[in-house]
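To keep things clear, I will list the structure first and then write my remarks on it.
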């Protein structure tokens, strides 16, 4: 087994992007095929890694329990009285990140497939896509906080341009909104990172370190430092560790997104081109959830325990609020965007439950939502490509015109609303079961939260079915009349080729969740143990 | 007696000069100038500079003034018209400014003159003490002739060349252009 | 005995009068006359001071030079005035403002 | 401990479940090539054979249980498995036994429909889900199948998706069922958090966690593996909520009448015989969980449902709606059976009801089919399902009439029919139960008696109007309604046979000898019998049925109709208690309003705040820019401007006038002199 497999996986897209730079701009087709090749290679690579991954050995705080680890000193700088700067190129995979790596490579491939007909500045587009790919992979595998932050910020840049250049009518507004929102979170994150850096010492070298795994161990904190659990320092009148947790949580929660901070999402999703919407919904939102698990919970377990109730509340509010707003939407893409808010609320609820079932359910829900939201946005994109309209009331009876498309939509809708047999069901059901168990296990979440969360399942059925009824059933009646009817051809072979694997995967995970859960489980158990102590 | 005559000359000179500058008619102004020059020549006598006074009358009255009159009269008719009516804005813009500046100068000069009267420059006092001042009985013409031929020979020659240049220049300037 | 101060005051008066003429009169000839007045004032001073210089007679000699040069200057000036008149059809210095910015 | 070896009965049951699924996949893949439906029919036939084999092996023997590891979440392993006990195999056979005739019937009934390949696929999917539901060995698996039957039902109700009513109805059905699903899910969550397992046998089996100590006696603070009595009640109610939606109990029954928009064959299978009965099956499965409170709730709800639905059925004109309300009413009966603890009787009623209600629907389908053909042939402007347009059909469709009569008698609980056995048994047990539960409890059996009288009335009203009354639209002798085809009649005949007593007992008047009850009774509690009632109640019920039949004849056939159609009670019945309007007003519209409000808030308040912050930031930047431009840069430009201005002013001095220059020169000399003078002074 090549020890640098993970590095290859991360930087493969960068290599592709570099070679794309060398290809003259006139050869538009070359870029697509290069990107496709990269995507396929990545998929194969991450698939192989997924296969090689050993589920039992995964843990959270111990480097030995990570797999595919690449740990090289990167920046060593003597800073005089401030000690030595120790930044490592430190990447590795555990049960939390492995599924996301696979998800990323798959969704990226889908996105590349969805970009097949991009006409505008093809070269720049695919290069940005590749850079984004690299950054996302890096975020999911970085174990050095500094490295993590670099990848995290690097991710923003291509997205900003992808939305801002290739987006819809209000693309600039959306791009800037998205950028500022995320930057708002990450800037404060940087402060906490620096604070952590000065609080934590590498037990082997005695230098301050950015190593996340060291940050997770309370013994590595300088006794009187800002974030030391023993020192109980206060900052702005609140415990410093709690503050650190909250700031990091907000940074990631913006990505998730949680309800008061969600308004970038509908705009960004609606204005972004279809492939970027797919990436946004399929991967980007997951970075928020992953960050909360990997960073907030692991580094500040005590603060996480204190705030679990609030996290759960935010989750519940997101679930119901997102679902209700989705119910009122006229724009199909916007409706799906709000449904993402609702579905990601389940993730938060599951994380807040701090039970193995709830947290594993949350991770599973993220993966499932990755496939399904990608599929949903792709489907909306198909419709939009044909008639450049997305208003729900402008369509009626599409089932008669586009039967295969309708089948896809119906499957995706039902899978999203939690029909058993599809992955979302397992995720949502176990989030609710976990949230329910929380009271009897450690009493962090009251049971009414689980019950309110389940109302979200009901509402999601309401808006999805209502949309299905309004747009797809009934006698065909289109705003654009005959012209539209002619334009609305059924799903093409390319589109079918993209849709089928995604829906098949959602189905496969739904009937055999062990495929993902086996890998997730050990890490989730370790995480829950780290936080709750049992 | 001597003082009264001096004051008479002085008053004549200054009064004519004031009249001159306020005169509309140029011809009359020129004649007033004539009077001024004579009076000033008279003043020179009181300063024991008889040769200078003679020269003043000879050159100024005989040369300059005649030149002015000739120039005035030789100018063509329009110029005369112009000269007569050239006083149309006599009290135009800068009169009060000119008056102000002139008066200021007068005040300063008089002030310094009086100041100089009270505490004289050292060399004058020294000259008075040594008795080297010119006496009314001295033959100034002879002395001047000697001085010019000895001490001031170079300036004398330079002045003569300068005069010649001035004359040639004046002649060149006033000659008629053959082709306009 | 006429004191030096008397001469100086008379010179000052003449100078001021000439200065006024130079500054205010609108006729080039009279301006020229004003200049002459100022020169005369200067000569008065030269002569008055020259009384105390018996050895060199500097005051009187230079008074003579000044008189001569003034005459030459008048000649040249008149020539210039005539030419200026030919050119501008005016002897009013107000009208001759080619130096204006 | 569950077995891990696949024995033949298990294999049979497994194949019975999976065959329809295979048929579904095959049909879905083949698409339009699978119009004939052979695949589905073959699959269900084989399922029936397999189920029959399993039944013979398991019935009366010890339950067989097999499970395979499915996945692990946290420390809890979840399994997928089969549990074959008496209840399961009975339902297995029943579902197959009902499904097969319906499949056959569908061949004729759905002939010529352009989307028939979808129909077969959906039907097979439904059979798979339903069969999976009955053999599932744990609650999670059961829940999955539970939702899948709901999904299949959604698809089938909306089968004619271009009809607005159909798609409204299927949406409504799914959403209302979702309410129940949430209850089910919460029940699962409660049990899982208390016991850490969802295995049915481990929880509810003879030595199950819940069977031995009843909830009321457990200590207040629950340890692992036990449950507080409060949560036990909640769990019971949660499961019952699931049942209420699926089995259309008041007030969640509203979806079922609307679900009649689906093809009639579907209504007969799903919305009459099997799926709606799944709720009863679930309650029977989790029976040990119910404490007295929950049972009382179940009983009361069942009674109310039975009465309300019977009442609503009285004034309906749509033939299928009458039958739908009849179904709801009968499901109420079954609920009462569960509620009084006699779940084996409830299951028995479920079985008999499945046969005769399915038959009723199939017969109605035959009538509708005939009417539809007549309508198309003669260009009539009628609703083929409206009984006011029918009448005198006895002569046109004698065989259909016969089968329908048998089914109606069974519904009314007439002797010699299966309905008599089960329904009167339920009534008798209700009285026995009431005797144990104080004076007020007697209201329940009394209401049930009234309901059964009403039932007799509405079903005879239906018969009278459809088959005997003077033809209204069909008065024209040219119009001929054809008898149903052979493919339709054969299943109907089969079901008619099943609606009679012989297959249940050889003693047509005594329910005590029904073999089916004997098979189930071992696991069920019993009530102290009140012997006289076993004679009295059936006799009275039969008498009432006869009276009602006469009454209906007099009113509808002879035309002595005494009731004003404008009366409040009548309209209340016709409009189904205005429940739909009520829900629309108090739930649906406020919810939509709320969502619009939230959208407004989202757009104007939440996003508005963000945009406001952006605007504030931009204004701040604007102010800074203004300051920068006007003050900071202004200072610089002021210097420049000053220089320029000074130059501009000084430029004025360049008049070109020599005299002014001279004046200036002298002025400056003057100043210098003054300076000197003052400096000296």
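In this document, chain identifiers A, B, C and D correspond to the written order of the chains, with residue numbering beginning at 1 in each.
The criterion applied here is as follows: a contact is a pair of C-beta atoms (placed from the backbone, for glycine too) under 8 Å apart; a residue touches a chain by one contact, two chains touch by 3 or more.
No experiment lies behind these values; they were computed from the predicted model shown.
Counting C-beta pairs in contact across B-C and across C-D shows that the higher total falls to B-C.
Farthest from chain C in terms of Cα centroid separation is D. One finds 6 Å separating the Cα centroids of chain B and chain C.
Chain C and chain D have Cα centroids separated by 126 Å. If each chain is reduced to the centroid of its CA atoms, chain A and chain D end up 34 Å from each other.
Between the CA-based centres of chain A and chain C the separation comes to 100 Å, rounded to the whole angstrom.
Within chain A, no positions touching two or more other chains are listed.
The residues of chain D that reach two or more other chains are 659, 663, 666, listed in rising order. Annotation for chain B: residues 94, 97-98, 101, 105, 112 touch two or more other chains.
Shown are all chain pairs that touch, namely A-D, B-C, B-D, C-D. By the touch rule above, chain D contacts chain A in their complex via residues 69-76, 140, 143-145, 147-148, 151, 154, 158, 161-164, 166-168, 170-171, 174-175, 178-179, 181-182, 185-186, 188-190, 192-194, 222, 591-592, 594-596, 598-599, 602, 606-607, 610, 614. The touching residues of chain B, when paired with chain D in their complex, are 94, 97-98, 101, 104-105, 108, 111-112. Residue ranges of chain D in contact with chain B, taken from their complex: 659-660, 663, 666-667, 670, 673-674, 677. Per the touch definition, chain A reaches chain D in the complex via residues 177, 180-181, 259-260, 262-264, 321, 324-329, 355-357, 360-361, 397, 399-400, 414, 419-421, 425, 429-430, 432-434, 436-437, 439-441, 450-451, 454-455, 457-458, 461-462, 465-466, 468-469, 472-475, 512-514, 517-518, 521, 524-525, 528. Residue ranges of chain C in contact with chain D, taken from their complex: 19, 22-24, 31, 93-94, 96-101.
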